[in-house]
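Single-structure report; data block below.
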Amino acid sequence: MKYSYYPGCTLRTKAKDLDTYARKSAEVLGFELEEIENWQCCGGVYPLSSDEIATKLSSVRALNEAKVKGQQLVTLCSACYHVLKRVNDDMQNVEDIRVKANNYMKLDEPYMGEAKVLHFLEVLRDEIGFDELKKKVVKPLTGKKIGAYYGCLLLRPGEILGFDNPENPTIIEDFIRALGAEPVIYPYRNECCGGYISLKAKDLSAKMCDNIMDSASGFGADMLITACPLCQYNLTKNSKATVPVYYFTEILAEALGVKGEEE
Amino acid sequence: MSSTNSKTAAAKIAEISGTNPLKCMKCGKCSASCPAFEKMDIKPHQFVSYVVNEDIEALAKCESLWYCLSCFACVERCPRDVKPGKIVDAARQTVVRQKGGNYLSANEIPALIDDDVPQQLLVSAFRKFRR
Amino acid sequence: MNGIGVFVCHCGSNIAATVDVKKVVEMAKLEPGVVHAEEYQYMCSEAGQERIAKAIREKNLSGVVVCSCSPRMHETTFRKCAEKAGLNPYMVEIANLREQCSWVHKDINEGTEKAVILTRAAIAKVSLNTSLVAGESGVTKRALVIGGGIAGIQTALDIADAGYEVDIVEKTPSIGGKMAQLDKTFPTLDCSACILTPKMVDAAAHEKINIYSYSEVEKVSGFVGDFTVDIRKKARYVDMNKCTGCGACMEKCPSKKALSEFNSGLNNRPAIYTPFAQAIPNVPVIDPSQCLKLKNDKCGLCARVCQAGAIDYKQEDEIVTRKYGAIVVATGFEVIKLDNYDEYAYSQSKDVITSLELERIMNAAGPTKGHLERLSDGKAPKNIVFIQCVGSRCADNKGKSYCSKICCMYTAKHAILIRDKYPDVNVTVFYIDVRTPGKNFDEFYRRAVEEYGVNYVKGQVGKVTPEPNGKLTVHGVDLLDNKQLKVEADMVVLAAAIEPSPEVRNIATMLTASIDTNNFITEAHPKLRPVESPTAGVFLSGVCQGPKDIPETVSQAGAAAVKVIGLLAKDKLLTNPCTAKADELLCNGCSACANVCPYGAISYEDKLINDHGIRKTHRVAVVNSALCQGCGACTVACPSGVMDLQGFSNRQIIAEVDAICR
Amino acid sequence: MSINQEFKPKIVAFCCNWCSYAGADLAGGSRLSYPADVKIIRVPCSCRVNPMFILRAFERGADGVIICGCHPGDCHYSTGNYYARRRMTLLFSMLDYLGIERERTRVEWVSAAEGVKFSTTMNEFVSAVRELGPNRRLGDLRCKD
Amino acid sequence: MQRLIDRMKELLADGTVVRVLGWKKGDLGYNPEPHFFNSAEELDDFIYDGFCGANLSKYMIKGSNLEGKTLILLKPCDTYSFNQLLKEHRVLRDKVYIIGVGCKGKLDIEKIKAQGIKGITSVKGAEISGKCDELTVETVYGEKKVAYKDAMLERCHVCKGKEHKIYDELLLDSTDTCDGDRFTDVDIIEGLTPEEKFEYFRKELSKCIRCNACRNVCPACSCRKCVFDSNKFDSEQKANVDPFEESMFHIIRAFHVAGRCTDCGECSRVCPQGIPLHLFNRKFIKDINEYYGEYIAGEDAETKGPLTDYTLVDLEPGERR
């Protein structure tokens, strides 16, 4: 099975781990991430205003490329997932944006939101299946107590993203279970880490991250995993960081036994 | 800002946010959910009232614009489908689109970042704080 | 063809002052078909009516036009007058010369000219009138009440007290409904069971009331006065006639894992059970999904301990068919599922409960024997937070658009009861608005604040987070103080919205009663006919029509009963003769008419039609004149103009149009 | 303008029995005058008004047609006026399409308590039609020369 | 086409159906007509080509009353009409076997004639197989070429799509022929002044000779007895006697089919006077779409029609959205 793959800017630089381990794991799990050509940055945040068109075009380009190749579009970064999925929803359902975006793009065939955006975790859950994943695990993470940190961008608004129950998600917990570890459920797992606010109001972000860390460690987590480079940054650099924070692909690679192999 | 300008600006905010502020029933669930509440001078639920009352001048000057995290907690939980986060963002848009409306200048960035800052942080902040 | 008589009334000077009545008479005589025209001071007077009667008799009139006041005033008078004189009452038309002519126009020429035209239109219409006879249909002197909660019980008691037979169909093993689950009732704080159980006993003991418990309505046919209903009596596996209600079976039953419906799932019940100790009938049922004997033919303990030999594992569902003159829907409500409100941690924490669950916890017969304790660890709570409007007043896709109406008051009740019994427990209520319209309601709420020190905070809660120490943090807002609040709580109580029972949709369909987008049954008129459904003979009692509290429910139940009694007291129902009628020779059977009929009065039959000697079977529309109310929606929906309204036929109205535009 | 004052338009008003006809009666009872050009036809419900009736009126030379019914939500028959609303919306739009000005057709919801509204509505409607002058007869929609 | 004929013969032979409702060759080569074929032999006269514009749905009302199952051929646009008839209980699903046949746009001989081509003897290139780019018109004055597109019926330029909405099996391919917006003409008329509108329709409607062809062909006009022939409205007097019927016929007809008309375009196709009757229907369709949401009559056989439905918040007559 081949998927179009949209890595996003951060995975090329600061979050190489998130990307590398995903590719290695995919290989073991029997699917391929085919990076789309000439992708451009999604912008990091979804432009909410209904009259924003130009800022959505890079996403439309990526989506259209996947459509042309007849593949589903996979992302790893929460922000890319959020932006791509919402732009795709606009292209499907918002007439005005669809018409204007297509006018800009001048494609051979207009893009109407045909592509399907998947997060890597969704591929594991819906395409591979966590039961299958469990069978492929060679080094189960037995005994580890892992807290899932979802953040905002994967979950909200639930109506559009449809990733999981936005107030009580389970996908990463199920993922943790599949790898043989014990998920730690704590109520702050879908609270915001502060996001881009940490650029200008570090104190606010720090307070929020501390709340998350306190809750997670209070419920007994040894480590947290996340899918978002910015969450990872804020949680580690911007808080008292009582527990380490890893990308989910890293523990995946570890459990699948492909972490050690250096390129 | 003259009253007609306020009216147009308020209408513009309602339009690009795609929500109807009149549906708000003042339950405060947005403000109860907002992680940046303490930093906000105009609280999320008040934000909606300001648009209804067309007090756009105050909105344009307020700090809240720059503290909203776009975490969508209020959007997710608003029982009236008003989605205050979208209104805050629309107001922010109307400010940054004006000349001199940028909240972040390129010059100040080096002092704000460290080696580990992910690109995502910068591009997101640029989108939110600048034209 | 006989002739038409025209009678112009002066109404003293009310008409005559601005309408030249003599001219109207003169002009009327020129109209085709008019054989008699006269004017008189007061047509509605004894003498005036005698003039009309005399003319009908002497000139053998076939139609009468009275030019007078509004038909809303005296149409009935003149119809009766005509009938006495031997003319079909529906051969009378009124030209409204007073309200719609002389009183609104000042110029006598203008007034006269218009009066002539109105008279002309009435003459044109009456010449196309046909004799109509009100139909008659019989009344079965028995009522069916669907639902055995307080609404159904009260309606049944009131009907039965008037001397009519009533059947109650209740889906659960016992009557009592939601009220039986309540601990105390507002604003008087009397014990719910103490006021409800006597009524349940009365209903069971009443010679005119027959209770079908553990039964459901399966099929409804017929119409007002003559409904035929199939009732499914679900297999109880216990013989109602033999069981003595000793309870030995329940005690001995080894399968005790099922969640107790009555206790909102907070504890368990055996596979053979009555929902609660005061159940009526006091005959248990076996839950086939739990019974070891029925599931895998093991056990059989209950049969062995039953001295009356009442256990019958072979019992099957039974269908009873009964006839009714009237049907009352009293299907009540359920608390919504809280799947869409995970931010309040209902599914994540045992200490986040609904108000109905709190009722059971507070109740001496409940899972905690009436002790206020946390379900997670049995500890006594010190801080309790109530959250209002959970799923009510929503404009999103998750909740209900309406106010559930009862929550403000029951929350005040809970707060008072807790503060009264456990003065050291702090109670905080997060509210959006406190709504207390009702006798002694606001006083009650104020007592909660003033006497019991309940902390009311205006603002909604964003999230409830369980903490590692087992407590809960309530993240709310105080809008009046403009502050975010984090309240530590041991227990959180959610005022979850109520919604009509899910089966109401199915029942409404069977009854052709309409329901609104929230599944509440629509009333015939929101102000003037609040306990009747638009479908004749179907009445509404309780929350199935809209959220209401117990006093309101009981009032409405009584009102519905009066409507039923009024109907059953009649021996014959006269039906409005101005009903729709399809020409079956030409009907296409396309269903357009039935689609717009608000009364479900139109059905389709494959009929053998004799079309000028050619016999063919067609699907044709058939109007049930007992149900049709004569609105005429169908006549316009019909593409071939086959559906017509008697008394307001297409030809009659077109004749009026022509007369006016002539 | 002065010419139009003398022009006596033919106006047909269909009023539902339960609300608007009673509203007209109330206008009468309160002596609230309106032009005598308005002639009322009583129908049980606004949903009884067949588009054929309106076309017939225009074909026979009516200058304006108005339909009055209970306010939405207050229909005596619960839903009749909702159907009437759709039918008339489409019919009026079609008449406009044929060249019968929008001002010549109107639907107004008048309750039994709204005598004043009935009278002002009729005054407004008649003056709007007078303003337009005589209607082209729909009967001339086909000329046979 | 041979594949189609073979398949029809097969279905006749195995008893699935007892007759075929299809098109029969006409006398001129470009005027085929609907026909019930009762045996495999009769199918020798069968034709399916670009001139088979006739919508056979309505004939199935008769077909539903005949003994046994009828095989009907429906083009994509015809299936809408069929669904609508099904919704109105005018045809019976179990009395029919539907082959959805492909369509590459249907031809209008008048369009060819309008290009100044006279004395037509035959037209080549209208076969359903092949590319359908160009027609070769044989005339008594020699051979003429006409682009297929330029000879297509107006309705094919605004085709609803290639998809059959109801069928038992599909045969032959379809081509997208839509290259226009069906509401353009309605928009133009809406923009005229009242005088211009009235004059326009007066000019068009004055051509009408009341031949009733439009009514007879219309799949929505399937009443056992038409209001115009009934005495229910005092309009039964025939043409030239009653001016109401005379002048209001098309308007009333349009209202009667409003919400039910699938815009099949047959009325305009068969009008011998070339009156653009579809402009009435499309006005209603456009308004319905605009006011009550996109609605395509006959898209399925269940959805409530817009005129037998309502919402609490429908706009008021005369109000614009």
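All chains are identified by letter, namely A, B, C, D and E, in their written order; residue positions are counted from 1 within each chain.
Here is the rule we use: contacts are C-beta pairs under 8 Å (C-beta built on N, C-alpha and C of every residue); 3 or more make two chains touch, one makes a residue touch a chain.
The shown structure was predicted, so the numbers you read here are calculated from the model rather than taken from an experiment.
Visitor: Going by the stated contact rule, which chains contact chain C and chain E alike?
Guide: Chains touching both chain C and chain E: D.
Visitor: If you tally contacting C-beta pairs, which comes out ahead, C-D or A-C? Let me know.
Guide: C-D
Visitor: Name the chain whose C-alpha centroid is most distant from the C-alpha centroid of chain D.
Guide: So the farthest one, by centre of C-alpha atoms, is A.
Visitor: With centres defined as the mean C-alpha position, give me the chain B-chain D separation in Å.
Guide: Measuring from centre to centre gives 50 Å for this pair.
Visitor: Using Cα averages as centroids, what's the distance between chain A and chain B in whole Å?
Guide: 25
Visitor: Just curious, how far off is chain E from chain B if you go by their C-alpha centres, in Å?
Guide: Inter-chain centre distance comes to 55 Å.
Visitor: Provide the list of chain B residues touching at least two other chains, using ranges where the numbers run on.
Guide: 38, 73
Visitor: Where in chain C do residues touch at least two different other chains?
Guide: Expected reply: 343, 463, 596, 637, 641, 650, 654.
Visitor: Can you list the chain D residues in contact with two or more other chains?
Guide: In chain D, residues 51-52, 56, 60, 73, 79, 83, 87 touch at least two other chains, as defined above.
Visitor: Output every touching chain pair, sorted by label.
Guide: Every pair of chains meeting the touch criterion: A-B, A-C, B-C, C-D, C-E, D-E.
Visitor: Tell me, which parts of chain B touch chain C in their complex?
Guide: 23, 25-34, 37-38, 43, 45-46, 73, 77-82
Visitor: Within the complex, which stretch of chain C touches chain A?
Guide: My answer: residues 341-343, 345, 347-348, 397, 463, 465-469.
Visitor: For chain B, which residues count as touching chain A in their complex?
Guide: 15-18, 35-36, 38-39, 66-67, 69-73, 75-76, 85-86, 89-90, 93, 103-104, 109, 112-114, 116-129
Visitor: Inside the complex, what are the residues of chain E that reach chain D?
Guide: My answer: residues 186, 189-190, 194-199, 201-202, 205-206, 208, 227, 233, 243-244, 246-248, 251-252, 254-255, 258, 280, 283-284, 287-288, 291-292, 306-312, 314-319.
Visitor: Please give the residue numbers of chain C that touch chain B in the complex, ascending.
Guide: For chain C paired with chain B, touching residues are 343, 389, 393-396, 398-399, 432, 458-463, 475-477, 479, 482, 484-485.
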